[in-house]
């Protein structure tokens, strides 16, 4: 076992944390050597998550202590609430441990934008500058060998994987992008509030944070980077009465006559993602459903072209806890370490 | 009881039919005198719907026989699959019985458009011409005293109640309308197929009939009529893992500077729907959820204006079996008969 | 309006409270004159429950003040957490207002038993003695004209309506009763905790409070009263991933050879409940589902006799917020006032 | 690859079949060499299950042809409807291929009992005699090296793993066993009928096949075998509005004073299942929920002892498609082949 990478997880009692545990427990090159929780240190992880009994060799939750983390681990995943990682990660990096952050604190490079959308103080600029943005299929070159990766947001991953090839190719009018996002409830985490009460969610569908979601500037950051010019989008988020899954329905006006048919879209995207194992482009006339990626690291994408309105509709789906969080974090680890990007992630979707 | 209106329901074993029964069973001016089913004639309604035991005085399902219907009823609701009403309703009208049709066969006036979108033969032109389109809050004047009303589609009601005031006022650029619709599963009816299998729907979210839904021309018919010029829209339908409820998220570019704030939208809509009992305009910063109209005849509407993109987002919700079907049909009956439009419909939403 | 009964609701912001509001808002003999909340006094009821917009004429939540309640109301429903009513109701009764308590604090007459199962101090003995236990189909005679009724628990109503005729008739061996109860989540109320978190409940089924549920002594109180001797039962509660509905599967050994067939059971129960509007006995070979009473005040009951094991299986269902709470409370009000027991309650189940 | 076991799956388009594919696709010692379907031969498996795109190297569905199966495979899983395997498996065994049957046709050894409960003709007696009943934790010795294993039913596995140690130890009165079973909908398979229609299942809970379920004689077969005398049980099945999961709540009178406390139960079961990787006995006062085994091969068990009634309540849970079907089938394969019983099955439950 001595050759395996030793991994620690800060935020092990959150949904992102337990999903990391599920994945890393079976990763052939990783040992989980520390599960960490600020609020439950000293308790057993399995007290709150009995489904993990017998799955892990470590069980007692460690406190958040950078030196202890460095002693126990070579790489640490920080799956903490926004605002916590911003303070913790710089301390972790000083110890020399590698970090993959799932919190969102290091995605935006612009402190002012961060503070506008996140409503609290941004991390220090040098920490922001040091973070590699880990949208694997777009920025793998930067992730390779990096010491610190900021894992993208769940909506952002789903929306941008569906848009980047189109934006780069100039297939759409960049001023017309509208993204209608829908997410399962697990994206809100395990914290309790009326907004995640079963009786309020079940048999209900609603929009939330309209025009105010903190993933808006992150989506625009990626699209602007790939477009080489500022891209502004309309993005709406909705809550679906289900636990896992994100679907983005994205609309844009077609800017290039060659893209007035679906074959052209399929060819463009299959070329763009050639060799990448986790993006699957659907055949003509088929659109992916969230269940078809459930529990897996896939992002599936389908297209519809409407000659009546000259608009394209792009449907992209992920499992928000997998490709939208823990799965992509493990994929980033694999790329950082120079391993196959799907190591430990060759999980078929669970269906039904 | 002799003064009450005698009502018959064709298609009593479908979801629209049983919802009509739920409403009419308690309507103070109506007696249900015949429940009719082509496929189950002679059987007991309660054999298939035990929840109705003790609710109705009639139970044996009648066959579809226009003369018998006329004998038993003054008004008949036809809640049949598309294609059936198209043939049946002209025969019913000949007998002199009043008809409210929920099938969709008489909504489009243009036979060619009907055949393009419905993929089968359209009803005769004179029958189409005789049908009053019963979107109550827009066309009540025409419904009053009518003998034959065509009840609007569920998506159409939800989308157009959210758009008509804006279109009439010129508040939006009519070429930029995108409607992202989401519906519960009951809209698909009680027929069995893999698409409504519990294990395929539960914990799943998906788009369907992208750019091909037969409600597209119906939406455009209403909007074009109110705009006084052709309006083309992009409309997408999604299936939500819940039984009841429709939510439309509608996007459009704001065409008039006065509508660059939400107060103006709220005022416009509250004025437009003044005195109407079933449209509720939400306060600033609030958007309706489908559960907030569940089991009731309300259509709730909320707004968000985004100065960054100069677009408005309109959220409108209904219960697809109520305001989207049986509820609006009863409302149409009330208006036809000169009664209060909410007679028998003063049902608060069931929550939670 | 001056002839109507003026009703107040303490605990208007809980699920029991809003269900009372839904029912009373359409009750022909009642005006809701005060909605009361200890935690949200001064706020608008519709701020927390936008689905009630336009449904009520009162909106501002009153504080809990017995004198004010008496001024505004002739009858008050106390839908409070256990422990609150125990203190409040004696004060309310002193003012002369009628009270129907939904809290559970006045169901058990034995203070020691109360404290064993509820784990806090019992109300004063004289208040306990003054409460009429309002299981309508069994104790209507006592409810008629009463000033203070204690509304039964949801599980208790469902289980005992399924058992009382058998216990009275001596059809079963009273020492063999096992009740396996299953409930939707709304029974736990609107309070937030991990136990009602959507992601923890959805796609999950579990037992809780095994052998410890506070409804056990209440069930045994009713059964012992009807048997004329102490009856002890095994009762287990489970949480179903749905919002509304209770189903009890009850097992007992058949004590009387005449009840070794289902016809005898059906006859026994139909006789027992003859003339009662809210108990429906199913035909042979049919068992009720919770959805078949959803949103209504019905309790449906079905039977299976197994000659192999000489046991009967009794299936009984209610909507826990209706017959299990608010519906039965309104039924109790109707009986107290000498009205038809189904006044304002003639609501067909909402299906689907 | 030549050293791997070549596996074929008859019934690849059912839920049991796709779950086998999910597991075998990642099994380190297995190659899936043929996916077989009687109804869809010649079509692509991924046409009906797009979630499997990129997961398998084979995609075209083969017809059911014993000789072809033998050519392509060393072991075949038959995940067919009851009645089909009964005819097919004898033909397969003649070719010399190993068989693990998931259909239920070879579980009961008594043809008359089979025909009483299954309502169609039983397989030939010699085929019944040749089948090893593969309840892994009880009959592993017989499975080791077997050529033909009959995989137990989902309810049976869940119920008997919760009862066998008690029955063998004489801890309970064998005449008092009552098993209240609850299952998710996927147990009914992918076939379409009103009973699995989403709108009929969602927000609904019901009993079905009361005293008539074909798993009753199978449960009694196992318990009688372990008891060394005939055991008769009452067993009820219920449908839970969720896709996966079975929970059995089992009641029995305690026959031995030593088992009047929960510690004794926990010790008894931990000893019985010592060294077995898929049975987890919960700590005192904890009962398992179905979600805690979701997607995994675990069976979790908890206990409650009630001194008031001298009864024990045993709660046992499985994922019906895993330990209740495909997971146990793979476990049986591992045991047949002499591999670690958890090879390819070290999957943590998916939570939430």
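Read from first to last, the chains carry the letters A, B, C and D; within each, the first residue is number 1.
Keep this in mind: contacts are C-beta pairs under 8 Å (C-beta built on N, C-alpha and C of every residue); 3 or more make two chains touch, one makes a residue touch a chain.
Note that the coordinates shown come from a computational prediction; the quantities given were computed from them, not determined experimentally.
On a Cα centroid basis, the chain most remote from chain D in this structure is B.
A comparison of the A-C and B-C interfaces places the larger number of contacting C-beta pairs at B-C. In whole angstrom, the spacing between the mean C-alpha positions of chain B and chain C is 36. Note on chain placement: the centre of chain A and the centre of chain C lie 46 Å apart, centres being C-alpha means.
Multi-chain contact residues of chain C, defined as those touching 2 or more other chains: 15, 186, 190, 199, 202-203, 241-244, 288, 291, 294, 352.
Residues of chain C touching chain D in their complex: 178, 180, 182, 184, 199-200, 202-208, 210-211, 232-234, 236, 238, 240-245, 247, 249, 251, 287-291, 294, 304, 306, 308-309, 311, 313, 315, 352. Of all the residues in chain C, the ones that touch chain B in their complex are 15, 18, 21-22, 25-26, 49-55, 186, 190, 202-203, 243-244, 277, 280, 282, 286, 288, 291-296, 298, 300, 346-352. Interface residues of chain D, counted against chain B in their complex, comprise 15, 185-186, 190, 192-194, 196-203, 241-243.
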